[in-house]
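I have a structure I would like to understand better, so I am pasting it below and will then ask my questions one at a time.
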Amino acid sequence: MNHSPAHLETVVREIAAEMAVRTDRGKVASYIPELANVDIDAFGIAVIDTDGNVVTGGDSDVQFSIQSISKVFTLTIALGMVGDHLWQHVGREPSGSPFNSIVQLEREEGVPRNPFINAGAIAVTDVILSGHEPRVALGEILRFMRFLAQDQSIKIDEKVAASEQRTGFRNAALANYMKSFSVLQNPVEYTLGVYFHHCAIAMSCRQLAMAARFLANKGRDPSTGFQVVQAERARRINAIMLTCGHYDGSGEFAYRVGLPGKSGVGGGILAIAPGKASIAVWSPGLDDSGNSHLGRIALETLAKRMGWSIFGA
Amino acid sequence: MNHSPAHLETVVREIAAEMAVRTDRGKVASYIPELANVDIDAFGIAVIDTDGNVVTGGDSDVQFSIQSISKVFTLTIALGMVGDHLWQHVGREPSGSPFNSIVQLEREEGVPRNPFINAGAIAVTDVILSGHEPRVALGEILRFMRFLAQDQSIKIDEKVAASEQRTGFRNAALANYMKSFSVLQNPVEYTLGVYFHHCAIAMSCRQLAMAARFLANKGRDPSTGFQVVQAERARRINAIMLTCGHYDGSGEFAYRVGLPGKSGVGGGILAIAPGKASIAVWSPGLDDSGNSHLGRIALETLAKRMGWSIFGA
Amino acid sequence: MNHSPAHLETVVREIAAEMAVRTDRGKVASYIPELANVDIDAFGIAVIDTDGNVVTGGDSDVQFSIQSISKVFTLTIALGMVGDHLWQHVGREPSGSPFNSIVQLEREEGVPRNPFINAGAIAVTDVILSGHEPRVALGEILRFMRFLAQDQSIKIDEKVAASEQRTGFRNAALANYMKSFSVLQNPVEYTLGVYFHHCAIAMSCRQLAMAARFLANKGRDPSTGFQVVQAERARRINAIMLTCGHYDGSGEFAYRVGLPGKSGVGGGILAIAPGKASIAVWSPGLDDSGNSHLGRIALETLAKRMGWSIFGA
Amino acid sequence: MNHSPAHLETVVREIAAEMAVRTDRGKVASYIPELANVDIDAFGIAVIDTDGNVVTGGDSDVQFSIQSISKVFTLTIALGMVGDHLWQHVGREPSGSPFNSIVQLEREEGVPRNPFINAGAIAVTDVILSGHEPRVALGEILRFMRFLAQDQSIKIDEKVAASEQRTGFRNAALANYMKSFSVLQNPVEYTLGVYFHHCAIAMSCRQLAMAARFLANKGRDPSTGFQVVQAERARRINAIMLTCGHYDGSGEFAYRVGLPGKSGVGGGILAIAPGKASIAVWSPGLDDSGNSHLGRIALETLAKRMGWSIFGA
């Protein structure tokens, strides 16, 4: 396989061109008006290899709502705060259920299966909150994102956050349900408030790929050398992304793309080629499992042409 | 990382020694007498790298009942026979349920979630059977195993097969249930007969590691150069092993070991380090999820010391 | 309310006439050919009050497959054999699920919720079998039906029985599943054989109403004075019919009709007006819950016009 | 059977005496402190026959938290307001699940199975609220209870209401979940507020039995002749009490007692002998299904000695 930056550039250019002309684009999430207004024709991609080469295509600098992709970073923060104690609040098995299922919670007495389904991410947010004011926790999350992406301009889209807060009855059900099992420690509305806000962070593909470089590089930021997390922890976060990163489409993503990844209903997908690159794609149309349709296809193509699948060249 | 055969030999020797003295050995499967009689102190390991180096430790030549590990090979055969049509009979998502759950089948109208839970493996077996006599299908499976392992002595332990057939009511429930949805085409007792027999194949770690080399080597047998399956298919089988290979402990295995693997209640685990090695371990004591306790620990240690995790060095 | 035989005769005549002209007749069960061939226009009714007056209308002497109505009588036999020990094998709570659901069995470790869902009736049949040959148990069931109905001509429709046996994969799944939890004691195929055969008993409305008189009359056959079961047991069987007699439509039946009843997919419904009458209706078209559409309406009309609802005049 | 008031008086006296000396008293509900503080030795009974005879025993004038018994009256109010349209918001089938299960809600898209499980009662409360201020709806409920019981002193125990509101996370989960399916129309906190408050109404056995006379008497208050609901509606409310009144112990209650009834975790049970009497019992110790242990036994004894089972004398 050809791993040269020039080859990568060619491949990314091809993908951006191919995606631009496809007519199958999925369906934009409609459950909150702010997400529904996004242009279905948008497509962006950014790849940053471990040598620091940045290769982009399409709308790679347009900001979108990262939604569930934020869960990768809140997981990282919570692990940093409480280490393996986190696993008393949330499991790490794939769920075999849609992202907002409450059935599993009843069977397992309020402990969510993994940190990437909604219930699990709410439990992780509750750990980060840990008695502080919501705005303090939120400030910390935002600071971490800006630090990783080396970009102080990243911020929360307050309209999206407010919109989710107004309509997030399913998430309120999940949170209250966990609270009834004492899985959550903070007031439900505090935890939900922080959760809705970190899901409403707006970032571009370039910013996202920047922020996740440590996961492709043994836990270290390759530009500064700063060790964000230990190498083992980076591997383990990647493992959870692989098995649980796409709700009930996680098996399908592993099967087709072969990279750890995390999708959001805003149409973004973050993917990691361990030892090789951090990747972000964005296309707002979703497939039936709620994952970006073209985003997944773009990543599948990229992994194949670069020989980056973790399951064999 | 040091990938030299000498280093591998050192690591395997260390692991065999460490496992020999551990007192936490799990619990031997008791549901059929033939499995319960196995020596809890047994431990074997065999690693075959893509250059053909064979490194073994412990009871690497003792044969054990491969049980569910056979599902990797029946999946390979069925994909060879009907290609992607297979996915009309079985899904490829992790199940989020114990290996023999029937609940999921009701929700999804008789279509099992993946080829590695019992229901899914029975559906795959039914595809292989495809109207033939059970002994014909069984002969084909056995021939395939012998060919891959380059060992004509591999055979079925008839006592184990008979024992499972007598007590396999849960599997009979699964099979009849799928039949009620027309997911199975052959007579239930034929399909179950073949299923119980291929689970009763007896192999050693060395034989298993030999048989699975193609999965570590882009679908090709590295010694003969024979292309068993296309490279993409090998990657995809690895992906399913990673997400679904350990029932309700698949997330845990990915998190700790970081290699595609498939366990059996006989205490064996087959694991693949793509591009690097085919690995088989065996220790009959199981953990709560029904996976070999020491086998998992041995693989975790091996992956760590060799830097073989697919989620980053 | 007017309880005179003359009034009853008028009401039954009216109902038969009204049902004859209705065009909403439900759908005949199609899962076995023998049931599908029945005339959708058929309608029969027979009412026998506790004074022994027999009032009939329509096709009251045409025999039909009683199917699940047989479960009332097998429950009676099993309670006679083992008394309250029966409740170790089966519960007596409504299921909140379709008649052939297997999910509940997983949650409650193989013990069916009540004797009137398929799994429960299979468990009851297994108790009756209790180590005997299937034909012995079947002979006993048939003898009991003939004795109660005072009619030696009642017999099993062998074509229906054979047809169910061939296609009864869902029931085979339920039986094997219970067997895996040791809830069944006899060979699965024996228990299923007896179950399929007693469901295939053919009876007319008149015969059915005759057979169930003891349930309306404190456990006693009003014509012979023979005490079939103790009064308390008759009350309790009626209670189970009320709460569980119509699968997932039991609440609806209680709400609309207000009488203990048991339906069968052959289109028959047996109902009891305690202290007043034994009632059988038959119309082969079923509603969405699998209960006779016109049968339910006829019973609702009868209960209202006679003031027989157990929930108040 | 002897239905004379003198006989009834003897039976009630016997029951009160027998219950006073029993040592098996169940366990007082502990989930809110206000309920946990009740005296486990309390026992009360009040029976009011359709002729207006009032027979009481034990602590029949001590007020207790009626909790879920209030659901009978809110169902009556809601049916009065919207008639059969109510059944678009809630079903009328037994649930086969604990009183606070959320699993069933997921399967049936937010529509609760019946008005007597928590979710169903919350949906009924939402219908009563119908855009009004919570205190208006609550005033109406309270006025209805006082009118039926002919007692203006009945009121809400504000400490109990506040306590439930603080700890009612499970109910908040159910309400938010239904809201996410648009099954609830009002703000979640309004509906929950009214729900928690009507569950916190405090009444004595005598007051409760008074309030429910219309259900035993064709919908009419026997003392004033006022038609509270049509006779058919009274029958139907009784039917729902029979099939759904005791959560996952409804079948058991029908089997043992044979009367429509509704229990509350405060230890009260309201029961109806149609055409005969309105009955209330109270003993705070609960059985495993959450129903009053001695209350159930007292009712079973009463029904047997008076010959009041609706399933036959």
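The chains carry the letters A, B, C and D, assigned in the order they are written, with residues numbered from 1 in each.
Everything that follows uses one rule, which is that contacts are C-beta pairs under 8 Å (C-beta built on N, C-alpha and C of every residue); 3 or more make two chains touch, one makes a residue touch a chain.
Quick caveat: nothing in here was measured; it's all calculated off a predicted structure.
Identification of common neighbours of chain B and chain C yields an empty set. Taking each chain's centre as the mean of its C-alpha atoms, the one that lies farthest from the centre of chain A is C. One finds 56 Å separating the Cα centroids of chain A and chain C. Remark: chain A and chain D have CA centroids separated by 48 Å (rounded to whole angstrom). Distance between chain centres (mean CA atoms), chain C to chain D: 32 Å.
Residue positions of chain C touching 2 or more other chains: none. Every pair of chains meeting the touch criterion is listed here: A-B, A-D, B-C, C-D. By the touch criterion given at the top, residues 101-103, 105-106, 169-170, 172-177, 179-180, 188 of chain D touch chain A in their complex.
Residue ranges on chain A touching chain B, taken from their complex, read 91-97, 104, 113-114, 215-216, 218, 231-232, 234-236, 238-240, 242-244, 248-252, 254-255, 258, 260, 274-275, 304, 309-313.
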